[in-house]
Amino acid sequence: MDKTLATLAETVADIPDGATVMIGGFGGSGAPVELIHALIDAGPKDLTVINNNAGTGRIGIAAMIDAGMVRKMICSFPKSSDPRAFTERYLAGEIELELVPQGTLAERIRAAGAGIPAFYTPTSYGTELAEGKPVHEFDGRPYVQERWLKADYALVKAELGDAMGNLTYRLAARNFNPIMCMAATTTIAQVSKIVPVGGIDAEQVITPGIFVNRVVEVPNPQQEELLIRSGATYA
Amino acid sequence: MMDDIKLSNDQIAWRAAQDIEDGAYVNLGIGFPEKVAQFTVEGREPVFHSENGVLGFGPAPKPGEEDWDLINAGKKAVTLKPGAAFFHHADSFSMVRGGHLDVAILGALQVAQTGDLANWRVGNKGVPAVGGAMDLVHGAKRVAVITDHVTKNGDPKLVETCTFPLTGVQCVTRVYTSLAVVDIEDGHFVLREKLPQISFDELQAVTGAALKTQGEVGDLVVPEL
Amino acid sequence: MMDDIKLSNDQIAWRAAQDIEDGAYVNLGIGFPEKVAQFTVEGREPVFHSENGVLGFGPAPKPGEEDWDLINAGKKAVTLKPGAAFFHHADSFSMVRGGHLDVAILGALQVAQTGDLANWRVGNKGVPAVGGAMDLVHGAKRVAVITDHVTKNGDPKLVETCTFPLTGVQCVTRVYTSLAVVDIEDGHFVLREKLPQISFDELQAVTGAALKTQGEVGDLVVPEL
Amino acid sequence: MDKTLATLAETVADIPDGATVMIGGFGGSGAPVELIHALIDAGPKDLTVINNNAGTGRIGIAAMIDAGMVRKMICSFPKSSDPRAFTERYLAGEIELELVPQGTLAERIRAAGAGIPAFYTPTSYGTELAEGKPVHEFDGRPYVQERWLKADYALVKAELGDAMGNLTYRLAARNFNPIMCMAATTTIAQVSKIVPVGGIDAEQVITPGIFVNRVVEVPNPQQEELLIRSGATYA
C-alpha cells in the first residue's frame, strides 16, 4: 500500500467543479497552504468550502475566493484581520454563507465520519441559527437537531505521515484536521515529512491511515499567518 | 452426496479471501471468519481492523509471547504489523459505522434474499450477546457472509425471510457458502459460482429462496487445504 | 457621575478572576474576557481551555518567539504550561458541550434577567460571525459575563428581554459589570455587590430590569489597576 | 492541582449504593482489576455496571457479581470463556441486563461525554434491540435514535498519569477507557506510573486531565486474563 504521491498538483488534479471541499486548519495553525495553492492552480469552480474561517488577506482560502472558485462557504467565523476577499463578495451577493456554530461545525463533521446522520445539541437553541431545524426535548431540556456534514474532498496539513496514511500533527495544528480526514470521500494530506511505515508508533498515531487517501510531502511548509503578515498574494 | 463434495470451512474462507483487494480495510467476525486472514492472497496486504481499537494487527504471537493488552475482538492475543494504530472504541466504531471499511466478513445463521442477516441469536433462551455484529453489518462497503450452505439438519441457511432474530436489514451483499458464491441484488439471490459437481437444480433444492442467474455461472474451484 | 466611578475593564476582569477557584477549567471568550487570565489570584492555578484544541495554555510568548501553530481561539500566539494537552476540535467541544468546564467568561451586548445572552450580532447588516459563542454558553457549570453596566449611549445592558439576536437562552448565571455583581436566579437579577459610591436606586435606574436582593448586598471593592 | 490519591481504598470509598459505574477494558485488556477489587472491598450494593462484557471467572466484574453488588449490567457481550457469575444470576432472574450493540454502547458513552443527548445510528434498525426506540429516516434510509449513557463513576486503567489527570494507555488497552473518562461525573484512574506534570508530551496525551478526577498509582498491575487463566478468585 502506497498512498504517497510525488507532487502537489497530482493530489488535487481530479477535484471537479462543484465539489465540496473541507480545508483543515484554524487561522494559520494547521492550514494546508500549499495544497490550497495547488488547488488554485488546478482551478475548479463552483466549490463549496468548509473551514472554520473564510480566508484572510490574499492567500489560502482568501485567494481561492479572489480567484472566483468558491460558490459557498460553510464556516463559523468569516471574519479575520483582513477578511476583504470574503466580505466584498458576500456583501455583493456573489458568495453564499452557511454560518454554523464552531462546536456544531466540528460535531457535524465528526458525525459524518462516524456514520451518525443526525444528533441533538443544546447549541443554538432559541437563536436565529436554529430556525427551521427540528427541536426535541430530552430530560426536560430543549435541543436542536443537526445533520452530518460530509465532503467530497478534505485537504489537511499534518506533521508526519507514512505510506499507509497514518498522520501526526504539530501542536495546536491538529484542530479540524483529524475530523475532516474522517468526513471526506477522499482525504489529501500534506505532511512535513514522510516517514517509513512503522515510523510512527502505533500508540502515537493521531489519524489512522484508514481515513487518508493521498499523502504528499511538503518539507518546511509555509505558515499562513506569516504569509498574511508579510502581505503575500497568491494569484 | 453434498456432504462429500462441499467445501470445508478452510476452503470457504480461502474463497472469500480471493476477493479481498490489496490494501483493503477488513473486519473479520469472531470465530470462523477469522480464518479468512490465513488465506490472504500472496502479494496483497489487507489491513485488518478489530473492534477494540486496533488497525493493522497480524497473526497470533507464539505461545508464551502473548501480551494480553494486545488482543483482537475475539480476545485472542495478536501481533502488530508496521503501520498499525490504536484508538478508542468510539473512534473504532466510527471506522465501522462511517463506512470506512472496505469489507466485513461475518458468519450467519440465516441470510435472506433481501440481504437481511440473522447471526446473533437462535431464540429467546439463554443469555443474549450481540457484540459488534449489529454495527459491522452496516459498516463496510461490502458485507459478506461465509457459511455452510445448509444447517446441520440440512435446512437452508439462504432463505426468503429470516426466522431467527435479525442482526441487520438489507445489509449482506455476498454470501460464500460450502457450495456456491451468491450475490444479493435488488432483493434476490444471484448465483455467481457453484461447485461444478452439482447441478443448478440440486443447488436450488437446498436453497430456501429462488436463485437467479445473470449471464454465466462460474465454477467454484478451490484448492485442497 | 457614573463614568467617573465605574470600574475599568481591567478592574471588571480582576473581580471576575477572584471567583475562579484553584484548578478550575476555564474558557475565556475572545477579546475583553481574555484579560481575566492576567488577574489570576496568587496561589491558584486555573487551567485555560481554548476552542481550537488546547488545554493548559499560558501567556503570550515574547515578540519574535511566536509559534503560529500554537495559538488560542483568538488566533493569538500562546505558550504551554506543564501538563498541557492537544486534541481535535470535536474533542475540544466535547469538553465544552459536555459540561466539563467549570467556568466560561464571555462578553455581552445584552443579558436578560432570564439568563438569555446576546453577544454575537448587533443586527442584520454586514457579515455575521458566531465562532464558539453559542457552544460556550451551554458549556460550563458557571457561565459568567463581564461587561460595562450600560452601553456607550447609556442604555442598559442588563435587560428584561434581549432585543439583539440571541446567543443562548437561559445560560448566564452571573454578570460582572462596571458597577455591580449580579446573579441570575429563577428569572431574576439578584444584586450581590455594588460599588459603595452608588445607591441601590441609582443602580436600578441604569438597569433595564428589576434588581432583587437576597440578604445583604456586598461592596464591590476593586484595587487600582 | 493534585488529583493523586495514595491508596486504592480512598479512591472508591465514596461510591454509594445504587451508583452507576462504568468500568473500562475489553476482556482483560485495560481492565482496572485493582480498582474493581478495591470496590468489592468497599462493598456498595445495587450497582449498575457498564462494561463491554459481564465478567469472566471469579475475579474482576465477575467477582462483583458473585459478591451480589450488581443489580444491572449494561453491556454488549455477556459471554466469555467462563461466564458463570453472570449467567447463573441472570438465568435466576437476579440480575438485570441491558444489551447494547458494541458500537452503540461506545457512541452512547461518547455522546454523554460530548453533551449530545441523542443521536441516530443505522445499528440495530429492524432488530429486536431497536424495539420501542424512535426511528427516523434521513436521506431515504432508516435510523434508530439512541440516548447518551452517563455514569456516576468511571473506573479506568491507564499506563502513565500525572497529578493533573492526563493519561496515556498501553497498546489496545485504550478501548473503552478514554470515552468512559468523559462520560462519568467522577473518573478514577489507576495508572502503572505517575509521572511529574509535564512528563507526558502535550501531543501524546490521550485523555486530557479535564476528564479525570482521581489518579492512583498501581505499579505492575495484574493482567485480568492471566488471573482468569490461573483460576484466581477474589472474594
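By written order: A, B, C and D. Residues from 1 in each chain.
The working rule: a contact is a pair of C-beta atoms (placed from the backbone, for glycine too) under 8 Å apart; a residue touches a chain by one contact, two chains touch by 3 or more.
Please read these numbers as outputs of a predicted model, since none were measured by experiment.
K.L.:
Quick one: which chains contact subunit B and subunit C both?
P.N.:
Correct list: A, D.
K.L.:
Where are there more C-beta contacts: C-D or A-C?
P.N.:
Top pair by contacting C-beta pairs is A-C.
K.L.:
Among the chains here, which has the CA centroid at the largest distance from subunit B's centroid?
P.N.:
C
K.L.:
Distance from the CA centroid of subunit A to that of subunit B, rounded to the nearest Å?
P.N.:
36
K.L.:
Roughly how many whole angstrom separate the Cα centroids of subunit A and subunit C?
P.N.:
30
K.L.:
Multi-chain contacts in subunit B: which residues touch at least two other chains?
P.N.:
Touching at least two other chains: 86-87, 90, 93, 96-97, 138-139.
K.L.:
Considering subunit D alone, which of its residues make contact with at least two other chains?
P.N.:
In subunit D, residues 107, 110, 114-116, 121-122, 169-171, 202-203 touch at least two other chains, as defined above.
K.L.:
Connecting every touching chain pair, does the picture come out as line, ring, star, complete or other?
P.N.:
Drawn as a graph, the chains match no named shape, so other.
K.L.:
Return all touching chain pairs.
P.N.:
Chains touch in the following pairs: A-B, A-C, A-D, B-D, C-D.
K.L.:
List the residues on subunit A that touch subunit B in their complex, please.
P.N.:
1, 110, 112-116, 162-164, 166, 182, 196-198, 202-203, 205, 208-211
K.L.:
What part of subunit B is in contact with subunit A in the complex they form?
P.N.:
22-23, 25, 45, 47, 49, 55-56, 80, 82-87, 90-91, 93-101, 138-139
K.L.:
Taking the complex as given, what residues does subunit B use to touch subunit D?
P.N.:
50-54, 67-71, 75, 86-90, 92-93, 96-97, 116, 126-135, 138-139, 165-169
K.L.:
Where on subunit A is subunit D touching in the complex?
P.N.:
107, 111, 114-122, 136, 138-139, 141, 143, 147, 168-171, 202-204
K.L.:
Considering only the defined contacts, which subunit A positions touch subunit C in the complex?
P.N.:
Interface residues on the subunit A side: 26-30, 52, 76-81, 83, 86-87, 90-91, 97, 99-107, 109-110, 121-129, 169-179, 206, 223-226.
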